[in-house]
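Each of the two complexes below includes subunit A, the first together with subunit B, the second together with subunit C.
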Partner chain A sequence: MGFGKYVGARVLWAVVVSLIITTVTFLLLAAAPNPAIREAATQAALQGGDPAAAVERERELRGLNQPLYVRYMDFIQSVYTLDWGWSESRSQPVTEALLQALYYTAQYSIPWTILTITLGPLVGVYSAANMYSWRDHVATGFAFFGYAIPNFFFGIILLLIFGVWFEWIPISYDTSVPVFSLENVRQLIMPVFVLVTGSIGATMRVSRNESAEFQNSDFMKTAKAKGVSPLRAYAYHVMRPTLVPLSTTLVGQLLALFIGSSLLVEVVFGIPGLGRLTFNALVSQDTNLVLGSTLVFTFVAVVGNLLEDLVFTVLDPRINYDDR
Partner chain B sequence: MATKKPEQFDRVDWSELSESGRFDLSINSIGMLVATLPLGLLWLYDYLFVGEREATFQAIGLSRNLDPLDYAFVFTLFLFSFYLVLPLYQNPRMTRYYWKEFRRNRPAVVGLGWLGIVFVGGLVGPLLISAPEQSILTGHQPPVFLTINEANVATCVGDVVNGQCQGTWQHPLGTTRGGKDVFAGIVYGMTISMQIAFITTTIVAAIGITFGTVSAYAGGWVDEVMMRFVDIILSFPTFLMFLLILYIYGAGLGMFILVFSAFAWGGTARYVRSKSLSVAEEEFIKATRISGASTYRVVRKHVVPNVASSIITQLTLLIPGFLLAEAQLAFLGIGDSAVPSWGQLISAGRSDLAFAPWIVLAPGIVLFLTILAFNFIGDALLDALNPEAEAESA
Partner chain C sequence: MLGVGGAAALAGCSGGDGGGGSDGNGTNETDGDDGGDTNTDMSTYSTAVSASFTTLNPIYNDENGAGNAIARALDQGYTFDEENRYVPLLYDMSTEDGEVWTFEIREGLQFSEPYGEVTASDFVYLIQEIHQGGWASSVSATYWTGVEVEQTGEYEFQATLESPQLLWPESFEPLLYPIPQELLEPYVTEEDQEGLRQDEELLELQFSGNLGPYVLDEWQRDGGTQYSRNDDYYLQDADDLSDAFNEAPYFEGAEIQVLGEQASRLGALETGEVDQAAIPPERVQEYQDKDGIYVNQVPQPYNEKLSVNMRDNGWTTGPGNMFRHKPFRQAMATAIDKQSLIQGVFRDFAETHFTWQPRFSNFYPPEEDIPQFGVGDRYGSEVARDLAEEAFEQSEYDYSFDGETMVDPDGNQVQLSLYHSAGQETEQLMGEFIAQELGNNLGIDVSIEAIDGTRFDTEYYTTTDFPTPERNEDGEVTSVPDELVDTVNGEEVEWTSPTATNPGPRNITGNEDWDMEIVYGLNTFPRNPLTNAVFFDGATGSYNPVGYYPEFDAQTLFDNARQASSEEELADALVELFANLAEEQPYIMLAFPDSTVGYREGLEGPIENFSNGWNLPAWRYE
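Entry: the complex of A and B
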């Protein structure tokens, strides 16, 4: 199997996975009572009407009296054509609400991701090169600290210290600040710092342990014997093979963190991004919006896994496409 | 793992060894059965005769109620003691070797000590300390040796010096806004954390090992389909799915454990599969096969013991994720608010952070230390069980 064919198969598989996850979501929703219908029945009962008739009307309005497969086809079609419905709690289309939230999420996610994927391997390889020195111990200690401290807890503590006591950073997030401004940097520095400490630990550990293996390899000895400068030797001969195993774990971990922590960090720091949108939608029982944000995170996860596999094959020419 | 070791090879009682068939129970299994039977009977009694809102031990005058989670927890405790702790006792030589390797990593030993405290505290603590109770009047009490401005407390349990309320030993870690004792809350949270740790590990190990070995031994298209299924499980956004389930159906701690362990075994299954494929190629497996061992016996007696150590390491590194997820949900306040977990306590103290930071700090630090301890131990186990890695670092 050639590279092109492999990519094709992999993309197809990603579509299948996204379809399966969407189907599970649909089944979960279909099996549960819809809060909107309950709401309609309550309203009718309160206003002295007939709750049963109101439920029937609401069901018809929402197309719930159609057979399951029709609803399923309809659901899948609207999911993939981005027709995600109307958000009642925000009085705007779901896709619009999501796009607005994404704007704020991107502002801290992009610096965070870039910092993690550049600093993590660099510090890891550096600490492998100076193994068991005090620098290595400091880096390892930091990695464990960042890995183990719950992000939301760390965020609260930092807000308390730097926001409340020292008043260096603003306590509440200001949406009116322009993206590329000092104020924006000031209010985003803590969320980015918290997320980077959370994610960089794993990256550092993996790259440290993996590159330790290549330090004493034959090709490294050859490179040194030829007189290759240490910088070049580490960049070309240690970094590259290290990135391969790293890339298999990196994307998955970043995504897990993105989904779990972005929600928490946004709630703690008051950033009106995707995570907070999801949280608010959950609290205000806005089914369309809950569904929409779940789908966004799901698609991000699926595409991330896809990219990870593709990067993996590009980075490592030794991988044989025949055994996937 | 043989239970008896003859002194010399020529004194091996072959007839005794060859007798061991599939239905021959080892001392471990007998112990397991003996321990589980009363538990099962108790559960049946609870299920059939005890009313919905009655406590399990009401008939003998105790007010402690057991919910399904408690039964699952006790069951997994039995499993761990008979299939993990007892074998270690039965093989003192290997145990001593593992301990020697493990001891070299000092943070891990400290971590193990900490987890021991959490474990014992979670098991025994709720029996000794009464559950934290609301009492609005004694809210915001400071921890021992600390003080708080009198304006922030309704009544001060300790002495008031210069308008500062002082902490007492009655509430060693202070109280929350509602007057719940933080220390008692942490002890009760230990039980929750241990329940999460033990039950999820058992479920993940059971599904992962079964799925992995079956996939490896079935081969062909069955293997292919099963591994594709694992791919799907791995790319499932568990946290979100749980949020969705929570949103639609509402969910307690039991549901949390089920959902999270149902989507966490993918990595274990993949690992077990690849490991059993490579173990299956070993000479001693071929020898066992030629001697007429069934596939079940090969898997049970040779493959699983050979992958067990790596699985334990992997599971140790999985647990912190579960604890964190539970704390996150509790912090958001969208989990089961009746579960007295650490995350619950952290979220309870968030609004009073500026003047009563101990409500957030105490459970947060305990959570941090627990996660750190699991990571240290996982790291040490990796080194102890992987002689190759050790040779590199030496």
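Entry: the complex of A and C
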């Protein structure tokens, strides 16, 4: 199989995976009680009406009296035409809610991701090159500190020091400042710092250990013997093979952080992003919005895995797809 | 005031952030601060809240926080000042007999174009077609059931109640938002509830004209709301209000920010970046000592109480639910030291709670009329055990004390569960204190369980799985299933309108078992205590998750209060009611925590009174 076919097959598989996840989500939703129906019954009872009739009316209104397969087809059609319904907990269309939240999440997650995937391996390779020196210990200590300290706690401490004591950064997040402005940098610098220190540790340690293996390899010795500069030698002969195994862990780790850490960091710094949206949707039983955010994360995971596989071939020419 | 969600409208999670007056746990934040290390901009009045808003559609909002966000841009009919006097905003209300009420609309109220002037027909249309229409499920629908409304002039309409209610305005039931008739008409014609809920003009308050102190510029979901000053605010020209409103509001803009983390809210208050924030009781002293901040202690009508489950899914320790016996509930109230609870958990920022009214209520019974369980002679192990033994004698099961320990008929120690909201530190502390007191003074082994409030509500506290009576085409009940009939105090009682919060007699329960909870605090409605009928108007009151059957004639007392033709008659009936409730302890009443709010120095307006915030547009810096 050539590269083109492989990509085609993987994309097709990604569609199948997303369909399976969507179907499972639908079945779970169909089995769960609908809060809107409960509300209708309560309202009818309070007004001296008939709760049973109100429930029936509500079911009809929401199409819940239709057979399961009809509802399933409607559901699938809505999902793939981006008609994701109305978010009851935010009073706006689900797609609009997700886009709005993504807009704020992206403002810190893009710099965070870029810094993590560039700084992590760099510090790791630097550490490996200076293994067991004081520089290595400082870098390792820094990585472990960031990894060990809970993000929300670190965020609060930093807010206290730089926001309350020194008053260098604002405490509350202002949504009205322009994206590319100094004010936005001021208010996002701490969230990004907290997230980078939280995620860089694992990347840095993996790349340190991986590159330690390559820096004594035959091709590295050859490069040194040929007089290649250390920078070039490390960049081409250590960093590149190091990134291959690293890329398998990166996507998963970053996704996990995307959901978990970003919620707590968003809560501490008051950023109205995707983490808080998902959490609030879950807590308030906003089924449409829960579904919408599930689909977003599904999409990100499927595309992330796809990209990861494709990146292998770029990083390591020895990997090919002829025999797959 | 019972809204859509029943429990949601009546009950708030206790031990929360508190807050001040109409503003919850507000903080204030500077706007457009583009540099510099200090935030001393006082041109924007912005508050911060801990939770975002579900909707700003005035017809469907039932949240306090969103109500405050709407109030920045849209006034309601009236309010009450610090003396508890009626203050007309959009309309004045008057009555001679409490049955026929005349609403006089203030002239000069304008919607945004193209809707023109606010007239009586807008309100009448809203009431008749939306609240009474039967299709819209508006939050106020229940308040207008059975009320006849008639327009009597361009700026006047009348409402005739089924029975007189002298305290109708105090119930807040006749409180209306101004909504343009033309905006509503298309939805009314189509009976399109979904469309009405999702209408952008309603959600963004685009029709608000001169009807609020500010104009809503943006609602950023999860972020908050931003407003700019309404230069045409109608109260500037009102000659029946104090001069303070002549130039109101005194800020160029307003903002409500959602800051979920308490540390962030307090930090912002400390830096002067915000100028109002709720302070948790344990940190009040610290903030009182800080420069540039002052802390107000605002009494509240929301209580802290221990619910004891008298339904069949309660008293899980053995046979015969002891909570159903009045002396046992009294024993529990006697076993918990209210003063220590207030000192230890609420740091003295709370009042003792003996009956279903706070002390500042005009209907609080004379002290000598109510038993004060949990203080003085009525606190302690001995007196609690005596009452418990009285309850044992009433029970058909053989409960007793084995030394210090309360034991069931099999000789095992009585073990009960106590649920509190997960993550609420004050509540957890209170739970631990209650467990300790019940252990020390009654020999009960109490286990404390943390639970999410929503889960507790849906799985334990309420149920939607209940039988319903049969009705004819007119909606009248024709027959009631046997499951909805029970004998209460020797009389047969039918549950003709079961709700999720009172699904029927004690044998109809939520899915899961529970013994005691402190997840919810309830409103005691001091302005119009008649509203408490939802809790205590007999066994069938619409909010009775605990399955309480009053042992006194509560219904007659409520009826007397409803039919009272003078304030004295009303007070007599209500005082007797509250004396009985103090005796019966339908919920084990513990404390009324004050709201403790920190403000930025120089802010004029906040008062240490339940009405705090009534004149918010007139607040300003010196």
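We adopt the following convention: the second predicted complex is superposed on the first by the 316 of 324 C-alpha atoms of A that agree within 3 Å, B and C clash if a C-alpha of one lies under 4 Å from a C-alpha of the other, contacts with A are read in each partner's own complex, and residues count from 1 in each chain.
We adopt the following convention: a contact is a pair of C-beta atoms (placed from the backbone, for glycine too) under 8 Å apart; a residue touches a chain by one contact, two chains touch by 3 or more.
Note that the structure is a prediction, hence the values are computed from the model and not measured.
Considered on the superposed subunit A, subunit B and subunit C are sterically incompatible, since they clash. In the superposition on chain A, contact of A:156 is made with both subunit B and subunit C.
When the two structures are aligned on the shared chain, A:89 is found in touch with subunit C, with no touch to subunit B. Of the two partner chains placed around the shared chain by superposition, subunit B is the only one that A:290 touches, whereas subunit C remains out of contact.
After overlaying the two complexes on the shared chain, residue contacts for A:219 are found with neither subunit B nor subunit C. Applying the stated contact rule after C-alpha superposition, one finds that A:80 touches neither subunit B nor subunit C. Of the two partner chains placed around the shared chain by superposition, neither subunit B nor subunit C is touched by A:236.
Of the two partner chains, subunit B is the only one touched by A:302; subunit C is not. Judged by the touch definition given at the top, the superposed model places A:3 against neither subunit B nor subunit C. Applying the stated contact rule after C-alpha superposition, one finds that A:164 touches each of subunit B and subunit C. Only one segment of subunit B in 130-138, 184-192 or 220-228 runs into subunit C in the superposed model, and that segment is 130-138.
Shared contact residues of subunit A with subunit B and subunit C: 152, 156, 160, 164, 267, 283, 285. Subunit C makes touch with subunit A in their complex at residues 2, 4-6, 27, 29, 31-35, 37-39, 48, 52, 54-57, 134, 137, 141-142, 145, 193-194, 197-198, 203, 218, 220-224, 226, 257-261, 263-264, 267-268, 270-271, 273-274, 452, 454, 458, 464, 468, 471, 475, 497-501, 542.
Interface of subunit A with subunit C (complex): residues 33, 37-43, 45-53, 61, 86, 88-92, 97, 100-101, 104, 152, 156, 159-160, 163-164, 166-168, 170-176, 182-183, 267-270, 272-273, 276-277, 280, 283-285.
Put simply, subunit A touches subunit B in their complex at residues 13, 17, 20-21, 24-25, 28-29, 32, 131, 144-145, 147-150, 152-153, 156-157, 160, 164, 209, 212-213, 216, 252, 255-256, 259-260, 263-264, 267, 278-279, 282-283, 285, 287, 290-291, 294, 297-298, 301-302, 305. Of all residues in subunit B, those touching subunit A in their complex are 231-232, 234-237, 239-241, 243-249, 320, 324-325, 327-328, 331-332, 334, 346, 350, 353-354, 357, 360-361, 364, 367-368, 371-372, 375-376, 389, 392-393.
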